[in-house]
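Mind looking over this structure? Questions follow.
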Amino acid sequence: MTPLDYLLLLSLLTVVIALVAGHRSMGGVWLTFTYAAQLGGLMLMAGLTNQPDVITSSLSFTILGQSLTWRYDALSWYFALITISAGLLSTMYTAGDWGEKFRADGGNLWLLHVAIALNVLSMLILLGSGDLLTLFIGWELVSWASFLLMILAGGPSIQAAIRYITYAMGGAMAILAGLALIYGHTDSFTYPAAANILHSLSTAHLWAPLLLLTLGFGVKMALLPLHLWQAAAYAHTPGPGAAFLGAISSRMGLYALIVVLIQLVGLVRVIELPVLFSFISARDVLAWVAAFTIIFPTFTALRQNDARMLLAWHGIGQGGYMLLGLVMGDALGSAGGLMHVFNHATYQAALFFSVAAVVYRTGTADLNRLGGLVARMPLSFLAMLVGIIGLAGLPPMNGFVSKWLVYRSLMLEGEPLLFVAAVVGTLGTILSVYKLIHNMFLGQLRVEHENIREAPWSMTAPMLILSVVVFVTGLMPGLVLQWIAGIQATVGLPVIDYSLGGLDSAQGSLDMLWVVGVLFAGFGIGAVLFYSGGRTHRVHQLDNYAGGHFLSADIRYHYSDNFYPGLMRLIGPLYRYSFAWLESAVQSGLGLLSLSTQGFYRRVAPANYALVTAVLVLLWVML
Amino acid sequence: MTLFGLEITLDLILYTGAFGLIVIGAAGIVLAHHLFRVILALAIAEAGANLLLVLSGYRWDAIAPILSGSESAAPMVDPVPQAMVLTAIVIGVGVQALAVGLAMQVKKTYGTLDMSAIRQRLEADIAGTAGIATTGSQDAPLGERPLPPADAVPVTPGSSAR
Amino acid sequence: MRNLASLLFAGGLGFLLMVFGLQFDFGNAPMLVGQAIQSAAPEQVGAANIVTAVVLGYRGIDTLGELAILFAASTAVGLILGHRHTSTKPDPDSGLILRAGGELLMPLLLVVGLYIILHGHLTPGGGFQGGVILAAAFFIPVLARPSTPLKHTGMMLIEGFSGAAFILIGLAALYSGGEFLQPLLDKGTLGNLVSAGTLPLLYLAVGLKVGAELAGLLAHLAAAEVSES
Amino acid sequence: MDALHILIELTLMPLVAFVVGLFMVLMMRRIAARIQRRVGPPLLQPLYDILKLYGKQTQISHGILHDIGIIMAVGGYIAAETMLPVPGMNGIADKAGLITLAYVLMVPSLGLALGVGQCANPNGSIGISRALTAMLAYDIPFVIVIFGVAWQAGSNNLVDIIALQQVDGIASWGIVQTPLLAFAGLFALHAILGKHPFEIYIAPAEIATGPMVEMGGKYLGGLFVMQCFQLYTAGVIYTSLFLGGGENWLTFLVKSFAVVAVPICIAYLFPRFRTEDVVRLVWKWPVMLGLIGIAFVMN
Amino acid sequence: MNQIVLIVVLPLLAAFLVPIVARMSASLGAALGPLVMGVCLWITGTVAIESAGNAFAINIGGFMPPLGITFFVDRLALLFAFLTALLVLVLWPFQGEHRPREHALTLILAAASGGLALSGDLFNIYVFYELVSVASFGLVATGRRSSAPAIRYLILSGFGSVLALVGIALVYTQTGTLNLAHLSQLAPTHLINPIGLAAFALILLGVGVKAELFPVNTWVPEVYATAPNRVSALLAGLVSKLAALVILRLLVLVFAQEQALLVMLLLGLLGVITGELAAWRAQDMNRMLAYSSIGQLGMVFVAFSIPGETGVFAGLAIALHHLVVKPALFLLAARWGGALSGLAGAAGGNLPAALLFTLFALSLVGVPPLPGFWAKLLLVMGLAEQVGPLYHFALAGILIATVVEANYLFRIVSTLFHRDSPASPAPQKHSGGDIATAGLFGASLIAAVLLLIPLSQSLKTIAQQTADAAAYRAVVTLAPTTSTLGDTQ
């Protein structure tokens, strides 16, 4: 029994407990403990981050002549850490009042627990894949587990989940095709064999598997133009489920891409690999896909009117930073990309938790039906504030550090356009998250929300924990960067030279300890200055400038709808529906084909086909 | 004997007969509108196939495969195809009888033996039993459009509060 | 236009098959199995009619299958067209000549049919040919008196037991240590009526079965027509 | 560099910035007055304004976040000033760099936005919406310029960039080496300052001064302080990027004031642009020039 | 060992006697069929144990092979004989009014299916094939509104038979023999040529009607939509596989040439694509399952078109998987036959059925670790090993079709579980028998997951044995006089 066995067994145990006790009121608490135990199991393997080593599971099969093995390395460990933590916090969140209300509203709490536990288990299995076949199996398990999580809410989530599973199956089949091509060359699914063959393949032959695998894994990552499924699917998942999915689910695609692009093909090869008949390389293509994945979903998020949708769209956009940093391939960029996985998971989960808390209290996530909640739910507000600062990538939160690393890498690699694209994404995010927090927590408190209270502790605790993590890892990014450095050493990337506060470099270093320190000192001075002024007195929110008009409680005096009209007038037509058109075109085409094949099976004289086929085959035989 | 430069031999004639029957049958199956004619065409085509089968056992100057006494020196035609044809014919009879029975049932059910009418009635019947629209109806497109139109219904601030 | 295309394809099929057919050396078939059977049949089966030897001996299981097909078709027709409705309408008068002719012809046809069946292993003819004649014999009374149904129970018994007899003869061979349908009994003298072992018995079963099945089929169809009109 | 030294630097830098900023505000108002054929305010008028606002009796607060917004706005700038090297003082410029500076500079905007949002006045929110849109517009040419300069210098450390420009006098200044970037930068600077024609987010007649609508007393005073820092920061960044920074305090101040004067002089000649026109304009010319400039730099 | 012939003969005997017995005693008549099928099951089992996996041949009537008819018994034949008996038994029409004729037809179907699995003679295969046809026409026509589909099916099948007969005639004219082992011996000199290929194409089109091969499968949707669901289950589950098995045997033994594989590949691929595409828009459960069945069978053909043991292995795996899944789905569809949109929330009334449906759908789509995944993986691996663009094209086609399949299957699954459906009349509850039977299939699917490794190994052994034409020839001892072809040609 290796530590990995313990981990997988613990995860399995969690699933079993969820199956047995998921419907009990104490089930959530027990599950929280088992997730904590999983985290403990993972910590047994913490040594992985220090040296490039693997821990193999004693579980292995030989089937159809292929051996299936599982093992963990630093990369798996890092992703597993995020996965289990997300599971832990989501379950903790679910375990208390939220779950009770969910059940009271007719939700299937048992299924939610089971689905999250299954998701964690399948992700841990995927992360442990020791060859291409187990990678694919894990991949499928993850896809279907998240399908279960997405679909359990019923209602509008069903459409979204079906769309997801269609995309996911498309992706899985592309992966299978890619694996098949590799298998066709090697007759084996092991990583070394695959790496060997991928190294020796000619450019033209390498493209097909590479493209297929990237497309397949890209679906899960929601890379453009395969991103349409994600936002709705995540947003319609019940609160903690959405947080879990938003935090880690689509990062599995990144994990697999790292395995393929970096461990198997080698980033050097990707950088060299030219796109046929052009002067750009595969790396450029990937980088630009990542850049567009940053821009388009971010600006789509900007126009959402549902908080969960908005966050989910941002989740897509942030995935672009991860890929962008990674394909830069230098120490900074890849560190930034990898670190962003952790950072994104933390603030995204905090944001979803906060939104779920608001939904829990108010019953809506419609940005046009909220406002002024900061006075009633200050802790949720705080979590959201920390979260949006992280999401927008502003100091002092952790999102800033990872994005900074990506920017620096882009600058050093001399990619001005990609750099601009990344910045455009960040700016769009700032606009969008301000809209989020403004429409929900700032401005006028609605009459019907006059009497609501802060969410209970079982809900605020997870988000505050996450807020602390977001802040602390922003202050001391070295905590995360040490894991990143371990990963970089394991997968064969240049290793980042980090310090506790950031990194030291001759070409411009970053020390978050100083930056954050100065920032807070500045705030302190500002506060001193401010409070040295005259005494303030608090007025009612309706005591407001209204052009001489007197406001009363029934007047909605809050600007929320169509928040950025000027911008929308300008850029709205540029991207609206462009990808949805693509999708519906495929769909209509399929429908047309389907209709005609049905027509084929409806013919009056079916023997016609037999006759024609016989004649054609005989003719072919003769010629 | 030659015709149009083509030497007319026995095998040409016989094969023409066999394949001709098959062609007639095939054309009938494909083209006929009346169910009974289709069944007849099927019978014709089967006859062609049987003829072809018999021909495969033919030998020049051979006698029927019946031992009539001691002189077994004379070459006999192949008995195996004959046996096969016997079987095939009976099979054909069975199938055709069943076909006629089915045709009668069809006539009873739909009141017509016209192939395309049957096809239409059948389609309507299946659809009717299942409770769905017959043809041309479209499924609802899969999934929602991901982007709600921003400027579809301008909600004025305050309107929702009242 | 579509008709023309279909015709063209049908013609094309014929032409292409023709091309293949004409590649053979017509009249000089390889006859591998045929030759061997011709030489082996007299002592292995003992039937003068080699075709019969093939039908009931070498390819006996084919014949069983074909009997089953007839049975299946008859059963299926019975199943589809349902139980016979006894017509309430009075018999249309079929006339004296037809009635009398029918009554006269029936025994004659029975005799001829049985003769052909029983000589199947010696001369052209046999169970199928004879069976069809038997069927006609069974069916003629129905033609003469449409409202008088065929003796259903009798038909069914003949149908079932003749088929079972065929199989049981085969099984007897199996349990006497041979293979299924292995020839039993004495081969006798080639050309005699009582020769070729169990072959005539099998042919009798076949004949009865075919006769019963065909008659049943015809009766079913006729009854359905009667009930419809 | 001992701790005391750096502590002194960190204290002095914002203080200098504030004082210089006050004079920049004065200069701005004087220039505006001259263009409008007025005399303009006296020397210490900006300071008096701030003191007066801080001392006012009616200080209306819309909640704690309203306060925090102002604190963040001022505090963010104070922090940012420590990352801007001035002659003799580098502060923490070598630990932060250009990108960090650019992002720290967004913190005050975000703080202000939060504070305004808490006021629950649609005029304020509309103003913020416009201001954020404008930020989206001008930050793009701004980061292009930053990229170009950082690439040119091979570093994103402002200290390095300034040092490189001081190697051989004017010839090594950014404005000579990379004139296109310098021009794009000036354009962006103008927009950053939010002066005419880029002041749609204030638009007094339309949305009642937008973000400032609910600001009075020390809240407005805070904003005045912020304005001082803003002008100073803009001037010093540009100076550091393109004008070789300050060899000494004299040239440093001259350059900074000159930089700030340029947009102010132009500003009052134009009417206001609509939001989308701002975006369109800024995304067109400075971005184009900036990209061409980068193309030159990277060759 | 030669008692294996009983699995063909006994059901026939029972079929002949069922009407008589039923007349005498209704309960005895009703019990006769299941009893006989149980005996068949037992016989197959004992023979399988006795033979210990070694192939052997039985000469019917005791005549040496090319003269008489041979039954060739190897693992594959035994497997399918066993499955035939088992499936017929499981899908036996226990419920409803007792109709001896229906029992007789079912027994005939079983006998003929066993015959198809065992027969080693080309014409004998044709006879059994026709027997299967007639029996299935009859069974199909027992549906209330299925006479029109049945006759259309009959006509198509009849035309196919004509083509097959012509193909057999070509083969016989060319070689003068019908025994598969003998043909296999002669094939290299006599059938690996255009005539052999033409004969194969004709036989393929003929036998393909039952196997739901692409252009001759137009009967499938309408027949499955109207026939009783147990009959649909038998046809889709069993009969189609046996027809495919026949084609496999012919392909391996007699027509092993590249072009033949190519034709199969092309037709199979078209079947996959058209089937899944048509299913995508199907609006009722039965027709959707029918189209999906076309797609699955197409996949079997694509697999068989991979030369060698790999293809046989993959094809058998897919065929067996489909044999388990599709009958169960048809049973579940028995009460869910209406419009798909009418199934909203059906899971509420009948959770086990909905869960079973989900399980089968998952396996059909190929979700690991369910058997469907491994079958598909085998196919993918097999296709990937082949060089040639057409194989890769087929790979792409199959994978795309899988995506389409996942979409429509899970549209239904989600409809079943759709909670807040409008007040629509709840679909009927399933009969207990249907659910139990479907549960049996589901359990076997799960068992297959647990026993995956031994199962895959034994299936591999079966595939090896099946793909080995030389071993087949070695088992069937030919009469010495005919073992070589005279120089008459």
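Here are some notes:
The first chain written gets the first letter, and so on, giving A, B, C, D and E; residue counts start at 1 in each chain.
The definition used in the following text is that a residue touches a chain if its C-beta (ideal position, glycine included) is under 8 Å from a C-beta of that chain, and two chains touch if they have at least 3 such contacts.
Since we're looking at a predicted model, the values are computed, not measured.
Considering the contact criterion stated above, no chain is in touch with chain A and with chain D alike.
Taken together, chain A and chain B share the touching chains C, E.
Note on interfaces A-C and B-E: more C-beta pairs are in contact across B-E.
The chain with its CA mean position farthest from that of chain E is D. Averaging C-alpha coordinates per chain and comparing to chain C, the farthest chain turns out to be D.
A straight line joining the Cα centres of chain B and chain E is 21 Å long. With centres defined as mean CA coordinates, chain D is found 85 Å away from chain B.
Chain geometry summary: the mean Cα position of chain A and that of chain E are 45 Å apart. We define each chain's centre as the mean of its Cα atoms; on that basis chain B and chain C are separated by 25 Å.
Within chain B, the positions touching two or more other chains are listed as 22, 26, 29-31, 52, 55-57, 78, 80-81, 84, 87, 91, 94-95, 98, 102, 105, 119, 139, 142, 157. Taken residue by residue, chain D touches two or more other chains at 122, whereas all remaining positions touch fewer.
Shared contact sites, meaning residues of chain E that touch two or more other chains, fall at 123, 127, 130, 134, 137-138, 141, 147, 152, 155, 159, 166, 173, 176, 178, 194, 198, 281, 407, 411. Annotation, chain-chain contacts: A-B, A-C, A-D, A-E, B-C, B-E, C-E (touch as defined at the top).
Across the interface of their complex, chain A is touched by residues 26, 29-31, 115-116, 119, 123, 138-139, 141-148, 150-151, 154-162 of chain B. The touching residues of chain A, counted against chain C in their complex, run 605, 608, 611-612, 614-615, 618-619, 622.
Those residues of chain A whose C-beta lies close enough to touch chain E in the complex are 61-64, 106, 133, 136-137, 140-141, 144, 147, 151, 154-155, 158, 161-162, 165-166, 169-170, 173-174, 176-177, 179-181, 183-184, 187, 590-591, 593-595, 597-598, 600-603, 606-607, 609-614, 617-618, 621-622. Taken in their complex, chain C has these residues touching chain A: 6, 9-10, 12-13, 16-17, 19-20. Chain E meets chain C in the complex at residues 2-3, 5-6, 8-9, 12-13, 15-17, 19-20, 23, 58-63, 66-69, 99, 101-102, 104-105, 108, 111-112, 115, 123-124, 127-128, 130-131, 134-135, 137-139, 141-142, 147, 166, 170, 173-179, 182, 194-195, 198, 479, 481-482, 485-486, 488-489.
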